[in-house]
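Lettered A, B, C, D and E in written order, each chain numbered from 1.
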Amino acid sequence: MTDVLFVLFAVVATGGGIGVVTGRSPVASLLFMVATLASLAGIYVLFEAHFLAAIQVLVYAGAIMVLFLFVIMLLNLGHDYRADLKYGSWFLLSLVVVGLTAGVLVQGLMGTGETGLRAGGAEVAAALDAAVVEKGAVGVIADPLFTDYVVAFELMGLLLLVAIVAAVVLAKPRDPEAGE
Amino acid sequence: MYGDWILHALIWLPLAGTVHVLVSSAERAKNVAFRWSAFVFVLSLGLWWAYEPGDGGFALESSASWIEAWGVGYSLGIDGISVFMVLLTTFTSAIAILGSFEYVRTRRKAFYALMLLLEMGVVGFFLATDIFLFYVFFELTLVPMYFIVGIWGGERRIYAAVKFFLYTAVGSLLMLVAILYVYFASGTGSFGYDAFVNAGLSLREQLWLFAAFALAFGIKVPVFPLHTWLPDAHVEAPTPGSVILASVLLKMGTYGFLRFLLPFFPDAARHPVVVAVMLALGVIGIIYAAWVAAVQPDAKKLVAYTSVAHMGFVVIGVFALTLNGLQGGMVVMISHGISTGALFLLLGMMYERRHTRLIGDFGGIGRAAPWFATAFVITALASIGLPGTSGFVGEFLALLGTFETHMVVAAIAATGVIFAAYYMLPMVQRVLFNELDRPENRTFADLSRREMAILGPLVALMIWIGVHPTPFLERMEPSVQAVLERVEDARADAGHTLGGED
Amino acid sequence: MITARPESVLAGSGAVSPPAAEWEPILPGLIVLLPLLGFVLNGILALRSARYSSAALREGRDWDPFAGPRPPATHRLPTWIGPGVMALAFALALVNFLGMMAADPHDPVVRSYWGWIVTGDLRIDAAIQLDRLSMIMTLVVTGVGFLIHVFSVGYMGRDPGYPRYFAYLNLFVFFMLVLVLGSGFGTMFVGWEGVGLCSYLLIGYWFSDREKSDAGKKAFIVNRIGDVGFLLAMFLLFQGFGTLDFVPIFAGAEDHFAAGGVTITAITLLLMLGAAGKSAQLPLHIWLPDAMAGPTPVSALIHAATMVTAGVYMVARSSVLYALAPTSQAVVAGIGVLTALVAATIALQQYDIKKVLAYSTVSQLGFMFLAAGVGAFTAAIFHLVTHAFFKALLFLGAGAVIHAMHDAAHHGDGHLDEQDMRNMGGLRRYMPVTCAVMWIATLAIAGIWPFAGFFSKDEIIWYAAAWAGAESNPFGRLYAVYWGLALLTALITAFYMTRLMVMTFHGANRTGKTASSRLHEAPSVMTVPLVVLAVLSVFGGWINVPDALGESFAGLWGALPMSEWLHHWLEPVTHTAAGIQVAGMGEAAHAAPVGGGEAVWALVSTLAAAVMVAAAVRFTSTRRYVRAAEDPGPQGGLRRFVYNKWYFDEVYDAVVVRPVVAGSRWCWKAVDTVVIDGFVNFTGNFARLAGWATSLFQTGQVNMYAFVLTLGVLVVLGATVFL
Amino acid sequence: MLIPALYLSVALFVIGTLGVIVRRNAIIIFLCIELQLNAVNLAFVALSRYTGIEGQLYVFFVMTVAAAEAAVGLAIIISIFRHYETVDVDKFNLLKW
Amino acid sequence: MLLDYSSSFHYVLALLPELVLTIWGMGVLLAGVSRKQGHGPGQETGWLALAGLALAAVANGWLYFGVSEDGAAAMIAVDRFRLFANWVFILGAGFSIVISLPYVARQRLQAGEYYSLILFAAVGMMFMAAARDLMIIFLGLELMSIGVYALAGFNRRDRRSAEAGLKYFLLGAFASGFLLFGIALLYGATGGTNVHAVAASIADGSAAGALLMPGVALLAIGFAFKVAAVPFHMWTPDVYEGAPTPVTAFMAAAVKTAAFVAFLRVFLVGLEGLHAEWSTILWWISAVTMVAGNVVALVQSSVKRMLAYSSIAHGGYLLVALVAANDTATSGMLFYLLVYTIMTIGAFAVVVTVGNQSEANARIEDYGGFGWRKPVLGVFMTVLLLSLAGFPGTAGFIAKYHLLLGAAESSLWVLAVILVLTTVVSYWYYLRVAWYMWMKEAPEGADSADPAITPFATHLVLVVSVAVILLAGVFPGAALDLAAGSLEGLRGLAAEAGAAAGH
């Protein structure tokens, strides 16, 4: 069952990815992207990462993609767009290079098999499941987030602050009065 | 009385002079600079007596730690080889500064500051007994020269300056890598001279390192075919720049041969192939440069090529690996410094008067300016090695020394004596002799008092060394002998292959 | 080849003779220094006067030092300084010579002043060596030199560069004395190159004339070719002996070198190269005729009497070395005789009076080398001395003629080559003294008994015959040819000299009407030296009348004094060489050739020479000469060939000069500019080209950048995964 | 399931890469970059089953970073759009060579 | 004192410089936005930011000299390596702010945001230097990057600035995807992201081979992008050229330093066991970077762009130290980064001044005769260029020499030769500026009367940087010792720390 679902989600995700790259309009690409994000959320569920799946849908597919859509609309690209995919030899060349890169990566990961991974994978998974049962899907993430990785957490806060400042500075219209 | 302080003073006083020049007015700059350089020269004269030949080792040595982490020391010392180079430097610097009073009329402060800076670098180079220190000074001389050529030079000054700079830099940077190799091979963690001498390198290592060092010094000398920067630099450089370049900077290369190349890599230095190559390059330099010089329409370029020929004599003298050859090389270095320096000064005077350097624009100057002509002829004769002038003693000894070990090479090189006449006399003729057919040459002013004061000591030195070179020879002999023994000792225990071959 | 010297030779030599009496030379260094002093003083005057003239030049006027009633001090003092120092030097030399004669020392006296080049095992002292040979040379140099200085006072008296002239001349004498008095090859070389320098300066004395300064340059460069030989010979000697001093080298030569060995042959041949350069022997003779561009007294002093004989002196000095190298001797003799013949033939067709004399000089020098080549070193020196007398006389006489012609030409109509004999003729009427003394010199050079040349030249030919006859001489037949050629040359000599005399002094005057009125005899300051030299040309030969002739008519049955005086005088110098030769070839080397008595030979040669003189008089005086301007020059292949000096200059130009110049240009334009600098610039340009090409990827397009980045990822990943 | 998830991750990653190379629209390029980040997230999630909870934690971080980047990136795009009235990156080539 | 994290206050202490700067940055931001725009040049905001940097420097100094940590496996390192790097960042940021003062005023940029972004970016750099955890490094890198993206596009009136911002952003985000993927793979392979844990895992062989090497490669690529190594450098020239010049200086100096510091810690501590594998790749990247950077710089006509390529080349030199991977090379890298920061910003200070606090006069022709018009500035620029070229007598030489020494110690002779030969190439373009300044005449139409106003602040930077460069060039001993001493704790404790992290 999970395997079937995985394959399904994988196909949708991949198709969505291809759709993002090849979509004629920005909006189309965006919608393909949403599809991918959603199917990834599904895969997260399959990996017992329920909280992440929820965040994925809420934050990613919800908030970030909407932001994209908002900008697309703001810049009036929803209709007034030109096909911008570079076909022709450039596309082929890129495809070859990217394909080779993928090939090399896959070749590198090929040896991974179950034995190629670190020992004790199963125990880790079991421990994870136990922790989820014990602390809940949120708690299991929250626990390290606010203990070991509290610095990272604070850093994220700062990151968002900087992003806001930057966005405000850059996106603010020019103010002729201030001599801009 | 003369302690090691003198060496420090010789390096740092020009720097003080630089500062003084920079803070004085443009009008006074030349006098300030000249006084400083003259003071340094007078001070350095004491070395003539202060240096006792003894066993040929370093005298007046002093050493202080500089960069402790790397074993770099601020070590100075002087021996029979460097004492003359230092004297030549301080002397020609003072002369060149005096000789630029008329030539340099713009941006005088900067010019004289750079001249003094250059003097500091060169003196430091000759006095350093720490390899790192030596390298720093070696490179340091490039910058002032670059600006002197580039700012006060002729039409193609920038091309010449950059060519000079890059050419030299290629060699010196590769040498830097070689220095590092020896540093690690020696295992002493020191950049001291002795550590490098006793690095215990295998023959194979020595050959590579020799190549790197020889390239750096060979460019500086310059050895054929690394010489093409020289004519350009000389032609474009202002007179004082040419003088310093010819008199002193070229000597840094041959001095490097004697001071570093031979003692560091004795096995390589006497390797037959190496010797053959170096001798061949020296001989080609002598004849080739003489030929090329002979057909130059530009007097300065002509003299520039003669430098290559002269330095060829030094090269064969050094790589003959005989006492006479090395001594001869040393004398040629000194003599070339004096006579070619004087030639450049004379050409500069010609240029100041006529604003041309083309030989064809002159003719019959001998009638218009007899003192000038006299000085010119004497200098030219010293340059082509007429007995009784400094040039002969050097070339004779170099050829003799070469002949002792390499007859054929010496025989071929000796034809350079003919070609010297072949390039020099036509120039003398076309400049000084022939008909005074151009009206502008009729008003060619004769030497002024200042110019006589410049040329007088030079001419006197040419003749002094030519007539009585013994005081020079006996002072340099022990040190030269020491270099030679170092090479020969290595021959004695050629079996050793210390050091990592990895 | 030579194992032991015959006792007979040893017995007579100084090797076992009791040590000669001590002899202290009187201020020998001063002999050398006096001319130097003269040079310095005259030099200062010259520079002072040149200041005036150049100042005048700048102001656009001519400065004539003789415009006023009295020339300025700069032009008066040299008259006294120049000849003055020479007179003092000559006097000092004479005093020393007489002292030497009285003491009759066997060994040379060496005076060392300071160590010149002292390093390692090399020691060259600034030292002079006084011995019998160098004293003879010193006398000739200072004596003839003094006379020529005096002559110059008249000849150059109105030249603006008068002080400079004397400065050079004094300097020349200084170097010449260093050359002859130097105690070793090193010191000799100083003089050797020094005289070359003075020759250069004096040939190009009128340096404003391009041809003249060209000639000086040519002389210097050709001389330098020889000097290289000298240098290399010195190096070989130093390698053999560890010294360059004469005394140890000549004492040790026999022990050091096997006779006929490669090294000694090389040394002597290289020395001969040097001598050929200096003494204008084939193939380096080409500079001497051009050297006539200098003032005529210079030609007399440098290019006839002294400097050009330095090569002969050097060979004679090195007699020991040459004796050890028979091959070299054969070469020396061959070069000598060939030079003599070639130069003599050329002299036959020249019209320039100085050119004739120049070729005559070359020819006579050839005779001297022939003498050295046949082991007759004494004869070489003998001929050197007599030649100095009569050739100096000839040149000075020619100078007097030119002097007169010069004045005439100034007043004549149109251009007049004052040295061309076709413009002369009949000058005997105007300058009888000159004519007379020149005839004496002509007879001397032609070898007419009892003039000086007869004895010296005869001795050379005689020795050549002796060597040709020596059975154990490996080159016997060759020497026979030499002998024949020498005889022929002697006859030609008589012919062309007579031709010169006839064309110049006899027949009709061709100078032109207005001009000829200005012809005049030279002033006494010029004629007196001529007369003195004429006397020497007559009697100079008597210092070495062969013993064999002493009893015959040629020696006036013993009336001529000093029988074989020179021979005996030089014996200590030459006996070692003689010993070696005798050991090698037997007494035959010095025996009478072809069995005949010397007296007969003398008679025959005198008669032959006299016949040639007569023939020449007959041929030339009957021929009608036209003035140079109207003369098309000689016709006919052989004549033209000879007239054009066997085309030596042209051949050298084509074979040596042009290729070297072309090679130089090629080196510059092709090798230096294109190959080496091309490579250098190419490196720089290539780097920039590479930079430009690389920067083409920098299109400014994000896609491109991302693509390149991905490409990099591919490469790095690939490298990691697969390597 | 880990291994297929990794392959899927690689696939999505290179698709994103391709998109960056072949699209001119800055927004879509950025979208492709987001796709890449999601590919990495997938890898993290998958690997977390074998290595521990940190993997999921990292996904959380990456999402935040993506959000921050989205804010800044879109602001930059807006900013440049004001100059060029387009988001075609090929038009932005004042700076080159 | 000893940080043993027994009290949570120790965490605060360990992050003291970062905290100071963060809080100060917010303060600067508030100060900036609370004042009305268009009123005054806003320089005091800049000075305020500088004060914060000074405070952070002091805090950093206290940590450097007065504090040590217990064990060395914590997520945030309190070792001298980090603290030395912090100083470099503070210096870089401080210098950049000083040369920004007149620029920001003249260009009427929003001072509060501008300076606070610099401070925040500096905080990000500090985290990169401090982090022993790959994730923290990533977050620090993003913090820095986002700040710098914004700074690059900060001048909204300038298309070029916007273009630079966009390119930097797109490519930076693209590259951080690779970095992140690398982290993920490494995480999968070793089970951890702490560099010591990674090292321990590699050392005891428990790391999964198949994931490991692609992870390392991608990680290397990610860092290579940030240090602008060829072929991941493509963004550099464009961004450097387009960004406001003080920002360019900041990027060239501090951003590069941060990337190198993190690069070094990850590869030399975490992946030390794989040195044999990755050194080959870095060897080639280093060689190609040195060659391409220098060669392309030859043909640039804009000084700013030339300096961009030169910074690429310098990145190549620094990579040599990474390949050499010995203590000499590592301390050499620290020293080099310090010197490089000073001289680069100094050079850009002159560029700003010549450009009259704008983006004008960036062509090399504009420098014609500049030296004679402004001799002091000309001499400063000459010294800085010589230092950049690595000429004896300047700190640049000592630094380059130090790298060579490190390379030689590891017998990287070919790389050393490439380094020196490309240095020769670099002479040409550095000297070209010098020759325009001193050997050419001013370009046509240039205002020769008073070409450039040099504000006091810029002078300050120049005097300080030139003085430091000359001093460190002649008497480098103290600085060298400092750099060498700063390695303490980087690797010396690595072994035991790895063991500690393993449990």
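Note that a residue touches a chain if its C-beta (ideal position, glycine included) is under 8 Å from a C-beta of that chain, and two chains touch if they have at least 3 such contacts.
Not measured: the values here are computed from a predicted model.
Looking at the partners of chain C and chain D together, the chains they share are A, E. With centres computed from Cα atoms alone, the innermost chain of the structure is B.
Inter-chain contacts peak for the pair A-D, counting C-beta pairs in contact.
Greatest Cα centroid separation from chain C: this falls to A. Centres computed as Cα averages put chain A at a distance of 70 Å from chain B.
For the pair chain B and chain D, the distance between C-alpha centroids works out to 64 Å. Chain centres here are Cα averages; for chain B and chain E they lie 43 Å apart. Centre-to-centre spacing of chain C and chain E amounts to 79 Å, using the average Cα coordinate of each chain.
Across the assembly, chain C contributes 684, 695, 698, 700, 702-703, 706-707, 710-711, 713, 717, 720-721 as residues in contact with two or more other chains.
In chain A, 86, 90, 94, 97-98, 101, 104-105, 108-109, 112-113, 117-118, 149, 152, 156, 159, 162-163, 166-170, 174 are the positions where the chain touches two or more neighbouring chains simultaneously. Each of the following residues of chain D touches two or more other chains: 6, 13, 16-17, 20-24, 26, 29-30, 50-52, 54, 61, 65, 68-69, 72, 75-77, 79, 82, 89, 92-96.
Pairs of chains in mutual contact: A-C, A-D, A-E, B-C, B-E, C-D, C-E, D-E. Residues 163, 166-167, 225, 227-229, 231, 288, 291-292, 294-296, 323-324, 327, 364, 366-371, 374, 381, 386-388, 392-393, 396-397, 399-400, 403-404, 407, 410-411, 414-415, 417-418, 420-422, 425-426, 429, 432-436, 442-443, 445-446, 467-470, 473-474, 477, 481 of chain B touch chain C in their complex. Residues of chain E touching chain B in their complex: 372, 375, 386, 391-393, 397-398, 401, 404-405, 408-409, 411, 413, 416-417, 420-421, 423-424, 427-428, 431-432, 434-435, 438-440, 475-477, 480-481, 484. In the complex of the two chains, the chain C residues touching chain E come out as 684, 687-688, 690-692, 694-695, 697-698, 700, 702, 704-706, 708-709, 711-713, 715-717, 719-721, 723.
Those residues of chain A whose C-beta lies close enough to touch chain E in the complex are 104-105, 108-113, 116-119, 148-149, 151-152, 155-156, 158-159, 161-163, 165-170, 172, 174-175, 177-180.
Against chain E, the residues of chain B that register as touching in their complex are 66-70, 107, 110, 135-137, 139-140, 142-143, 146-147, 150-151, 157-158, 161-162, 165-166, 169-170, 173-174, 176-177, 180-181, 183-184, 502.
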